[in-house]
């Protein structure tokens, strides 16, 4: 089956093409065309077709009404309850089916590796499949190759699995949206790209996937590109606004890609190959310092894509996209690509490059984990909390990669995180839908009563992320904290990483339960505020349809169970093929410390938001706390800082370039033209019209020439 | 050298002779008939006779032609024949293009006008075909006096008379200096026969001051004809004032004749051979000044004929550069380049002036401003004129580019001393494009104030067609032209035993 | 003793006197007269050279300088006729023959 | 040595220069024209001195006779063309003076210092006493239009056309519109 | 064959002028289409065989045009047309874009006939540049396009067209001044017998020695290289001689901008590769780091200036400066020969640079077409006055976004292929310059997407609610470009195979120079 791995990206690609070229045109053809009447440029239009998707035929719209509707929805998308056209629905079904098939193949491949029954596997435990050659110059190969090994198999599972569920979920979530088909196209595009990314056998393919997921991310963040801007963009409580968010996401990650690409260039120049397997063999011959630098630069790409400090700023804004997108791209898969990248190159990071490479990875990861968690404490937007949580958890993964002997520690967290974070996002999507596109948790509360399935699955995921056994999060996060401790021990008592991760665990538990309580629980709810409470919003929230809650339920299963794979280093063994010595966490005191920290966090959240016995101003009441709160609430003012840099430094320099062009270069150009013209004026003035002047010039010229010649004779003689 | 004049010698003279006879016929016809078309047609068709006779000389139809006649005063080497053809082409075109203009704007009757032109033409042909100073001088005067008259023929304003008087007085001054130079040359060598001059001149040192003074004076006198700086000052005024077909005639004819004479005297007379080390510097300086002043001066002109005057000064600069290339090694390459350039210049300049005449015929206007929107008012004339102007500017694909390239190429190849001159020339041709393209811009881009179409007489259209096709054909067969020019140039050097 | 050089110097001086007149007289006829002086200077020079060459076995008997002078005289007369005609023509049009005022065309 | 021809030369030269200066400098154009006639006559004297009698005759006939008359006619016809009180010299007379002076010196320098190849044996000879140089009218006639011996028949024929052109041209230019 | 490709448009132009106004566009379309097909045959006719290199040109046609020997001067200019892979690629690009340009200006007014004729003349000139195999013929064709372009900008241009047209003309001409000097030098220094490409390609790299210049002795090959490449630098354009481009691009009508960016700039790049690199590798090598810096500077400068542009076309024009910088970089990097081992890297760089010519041609062409669609309706190109028009022009938004993304080097589009190849190859020899240039990628993303965001994203500005989407004709053009761009982006092998022999030949020639 491994040989047919190309089917996995091919299936969603096929779905994409079918939707793009077949069902969507059919859908558009079936849509009633509004009649253009004379002078209707600003005229009124009947409602049913007032909101046409991009890609639509040229239609005249009534814009003001449109904008108003947007405002009414608080900047979120609209048109729920509008019917999804038949062909759009067909398209989505095709997409879902393609994903199911892809998932099935992934499962088979996964299983094959599990059983060890993979034909043609090479010494590195994988198989490289040639797709086609881009170009090659002598030994330099630019080949499109896929590589399947256990790491890939795991990623395939994660990507196709979550993607399949999100596709399914989206058929519900996006129902009635005018861009329904477009959504599925872009979603499929993302899936294809992500699969290319994880399947890539070399930097070229990986980079292709890497950039394409960036594109999909951009498109999906900007899915509601025609929203009107919210009134107060700079207020952190305002939901992010898609157009700038998309731009920001793309450019920020590109910034990381700049480093990434240079890293690739260094490696390619030094080794002459892009291939990961060959790189492993070739890098030991490289200059270590250069290699270390290259690896750090490659990590810069990961920093961008995985939203690590200082390039994390785009991810919270990326929440402007539809929630399924947030779940799939900005929680489960794409943002984990950076982690995957480091894991993929782990042999080089750990084995060949200097220790500084992984130290950079670890410290940036650890710092980001803590840093993002602190911001998450203060956010009121449900998706933003989750976004910062994602950043924080990604930081964990990097720490896991940096401190452990194998890449399994970090990867395991990636896998479990994919499950529970997707669950959390999808759950939040249900909530948002239920409360009519409000994302502010202060306007929620007590929703568990209205939507029990969502609440329950969300609770499981929250426990999981908080690191409470036996949920998956515990099994993946605890080893990271534990290894960080060991790492500290091994490095002369440098417990910074441990301290950061452990403290972050506390913060995580706190803010995640803050989120849970503010959304589903609250004072007066059942089970001590855990189940229901006062609903602070408007309207009557309802449980989501089955297409939406079913994925939640399905995701809840790995959220609960996946952790047990970690017992006895099962996951690590699968991934690395080696037998890793396993220490039962429950035999270690450290584990209990970790759990205790988490429990304290949960308890604090419970006291403040569950039963609300502690005032919310507990920490912010005093001036220092208030200041800290302000700083955290404004995300350390980093957006403002970056904005200022762009506005004044980058655009300033750019303006400088332009002014240089206009005044210096063109000044020279126009100046010389003016000079010649002046010369022309002067020289034509010499034509006085007096014939005797002309004669004088003639004979004067004769004399001058005569003198020159005579002097030349004297000089040459 | 045959000792007495026989039929064969008359045969050698026959092209010029027939032109002169034609001018008599035309002049006489004018007395007999008042039909302008007839006079015009006779003048035009009559020119076929000298053409045929020239062909007969070229291809030795009547037996092997003698090399010289009239005691060495008439030579029919390839160089002379080359110029004969060139002048005949000029004659054809000028006669053709004048048809309407003559009756509209000129003082003279057509018969007088054409006969004067034809006499001048005979003078030009003789200038290329003689190797003796007295004959050159007389031919020059035969060329010039009709030109003075032609300058003053316009009926319309005082500018024409003014042009004529300026022309005649300055021309006389230049004749004086030319004569003085010839006298000195005669004094230095004892002969006015250039072949003998070349022989005896070798005994004089290269730094012989009298010889150099003669060189300078002769160049000054002929420099007036080719409007080289600083002898160029007459050109703008006289171009502007003279009736346009006359302007055309002396912009191409006088210039070509001047170059014919210069090269004949300086090469055939062995002057370059003796004093090239001084003369090329002189020529390089003159070339640099000429092209710069011509091209820069043309930039701000508002009268198109005045602009064309400066343009032709600029073009003369390139030609003088060719002369410098000729002088530096006294080699045939420079001559070839000058000949090629002259041909292309003549053809393109005719085209450009034809456009001016066409507009003048129809509207009487001759400011650059008046060309606004000509592309819409008269597409074909505008296209042809644009084509020729751009060829003058040296923009491909027109032959002007190639001839200019060739002259630069030769100058570059002949000596490192001329490198900077070539670069200056290249810069100048960039400058020149500004004013040429400006006319094109006005014809095509600017919207005309009046939109009615301009009617153009057939003769003008035909001239335009001839010159455009000529330029086009020259582009393709420029290789052939260059070979012919090379043989012409070679014949100039042959006598010297090079 | 009168040598060839005396004649040549005489010619040069007269030529330049004529030139001065040509360049400074404002009357067009005056200019024309000055030009005639210049041409005469050339003639003197030529004839002097011809006399100097008279014993030259190759070219002496051709009297080239004298013949040249004849032609110059002829042409000068013709030129003078044309020039005077033009002076009269411009006088009729502009009522002046002051070359300082004949500057309709310039720049 | 001061022989007659030498004296004659200097006298004639003085008259020549003087009359030329008078032509150039005199304010009154009519007087200038009369001095022109004198100048032409003196030039003929030079020719006689050089034993070029034919040239001298022609000079008298054409220049002193025809051209002077022509000039005088022209002066008469263009009467009052110059405003009476205007300066007869152009503003650039000083420049013209410099040019002329320089040119004179240049030519004298060039002719004086250079060796005239074919002239060498004769250059220093006393020109004024060269004796009969064969410049007879017959010889000149031969040289002008003999078809058998070396002759300037071609320029001669051309000169005739030049005269014709001049006549035609003068008529065209001179006639009333 | 080549003669037909070069002169058929000329013929068509004349026919167009003679034909009635209404039929002009049809004639133009038919002929450009036919030429496009012919030029495709250049490729397909050779498929399976060799695409040739400069020593073994394909479809070679040769006639004596000028061959004069006078004294020691031998002026020889042959009518020699030939192609190798590089030329074939450019010829196809030329005919393709010309065809699209004709279609794209289907309804141009006024003076449609004249417009079409000029486009056809332009095509002839450009095709001649790419097909000529004699240096004099090359320079002959080089300037043919000037006047048609001058008039196209002048007549159909925008408000400042006069300034733009003149600037274009003079800038280009002044560049040619130096080039002609360089051509004379190389002609005489390589024997003064012929300027055929075959001869120069073998004799040029052998040039050595110095040339005196005001007392200093300058390396002869370097001097020739610099002289010749001035015109190319202007045309490309390279900083600091790029300022004509924004004006010309901005003022030119849409299709002309497409041609300007799509092929005219490529003439410069082609010249740089074919003549600068091909004939004088040693000259380029000596100054390669500086050329690389110029390239990188162009990249960054162009990108920087793009950011602050208000006019879409002006922005794209500056982006062209930026993207053409990659070509300079790639070519410079290919010329550096630090060791024999990195020949492959250098070939990658050179291939990337050559491919960038193609990809930039189609991508920027597409960008200009997109702006043109917008401008045709709105009559403004100012980015900030739009807003949210994606709502009413969804198809255009899609295609425009596609163009932007491929332009910023997103995989799947051709731009990625060329940039990636250039970077990976160039880093081997010019690391610092490459890193600087790579940063341009970030900036490119910034300004292009920012432009999209400001014009297409956000709430629809009610002022523009009447805008209509791209018509079928416009869509067909854009989709055709999409197909090409995707094809290059996904499967570049045919293009690289086409280029490889000629580029490899150049590189090995250069290599042998260094080895010597």
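We just call them A, B, C, D and E in the order they show up, numbering each chain from 1.
Operating definition for what follows: contacts are C-beta pairs under 8 Å (C-beta built on N, C-alpha and C of every residue); 3 or more make two chains touch, one makes a residue touch a chain.
Because the structure is a prediction, the values reported are computed rather than measured.
A.B. asks: Any chance you could name the chains that touch chain B and chain D both?
C.D. replies: A, C
A.B. asks: Based on CA centres, what chain would you say lies at the far end from chain C?
C.D. replies: A
A.B. asks: Which pair wins on C-beta contacts, C-D or B-C?
C.D. replies: C-D
A.B. asks: Computing the C-alpha centre of each chain, which chain sits at the greatest distance from chain B?
C.D. replies: Of all chains, A has its centre farthest from that of chain B.
A.B. asks: Could you please state the distance in Å, as a whole number, between where the Cα atoms of chain A are centred and where those of chain C are centred?
C.D. replies: Chain A and chain C have C-alpha centres separated by 97 Å.
A.B. asks: Quick one: report the Å distance separating chain B from chain E, using the average Cα coordinate of each chain.
C.D. replies: 42
A.B. asks: Averaging over Cα atoms per chain, report the distance between chain C and chain E in Å.
C.D. replies: 64
A.B. asks: Return the distance between the CA-based centres of chain D and chain E, expressed in whole Å.
C.D. replies: Inter-chain centre distance comes to 70 Å.
A.B. asks: Could you list the positions in chain C whose residues touch two or more of the other chains?
C.D. replies: Correct list: 8, 15, 18-19, 22-24, 26, 28, 31-32, 49, 52-53, 56, 58-59, 62, 67, 71, 75, 78-79, 82, 86-87, 89, 99-100, 102-106.
A.B. asks: If a residue has to touch 2 or more other chains to count, which residues of chain A qualify?
C.D. replies: Those would be 684, 687, 689-693, 695-696, 699-700, 702, 706, 710.
A.B. asks: Of all the residues in chain E, which ones touch at least 2 other chains?
C.D. replies: 170
A.B. asks: If we use the touch criterion from the header, which chain pairs count as touching?
C.D. replies: Those chain pairs satisfying the definition are A-B, A-C, A-D, A-E, B-C, B-D, B-E, C-D.
A.B. asks: Which residues of chain D touch chain C once you look at their complex with the stated criterion?
C.D. replies: 1, 5-6, 9, 13, 16-17, 20-21, 23-25, 29, 32-33, 36, 39-40, 43, 46-47, 49-52, 54-55, 58-59, 62-63, 66-67, 70-71, 73-75, 77-78, 81-83, 86-93, 95-97, 99-101, 103-104, 107-108, 111-112, 118-119, 121-128, 130, 133-135, 139-140, 143-144, 150, 152, 155-156, 159, 162-163, 165-167, 169-171, 173-174, 176
A.B. asks: Tell me, which parts of chain D touch chain A in their complex?
C.D. replies: 90, 92, 95-96, 99-100, 102-103, 106, 109-110
A.B. asks: Provide the residue numbers of chain C that touch chain D in the complex, in ascending order.
C.D. replies: Against chain D, chain C makes touches at 1-10, 12-21, 23-30, 32-34, 36-37, 40, 43-44, 47-56, 58-59, 61-63, 66-67, 69-71, 73-82, 84-89, 91-92, 95-100.
A.B. asks: Looking at the complex, which residues from chain C come into contact with chain B?
C.D. replies: 8, 11, 15, 18-19, 22, 28, 31-32, 35, 38-39, 41-42, 45-46, 49, 52-53, 56, 58-60, 62, 64-65, 67-68, 71-72, 75, 78-79, 82-83, 86-87, 89-90, 93-94, 99, 102-106
A.B. asks: Mind listing the chain A positions that touch chain E in their complex?
C.D. replies: 41-42, 52-64, 66-67, 70, 132-135, 137-140, 142, 204, 207-209, 211-212, 214-215, 218, 222, 225-229, 242-244, 246-247, 250-251, 254-255, 257-258, 261-262, 264-266, 268-269, 272, 650-651, 653-658, 661-662, 665-666, 669, 673
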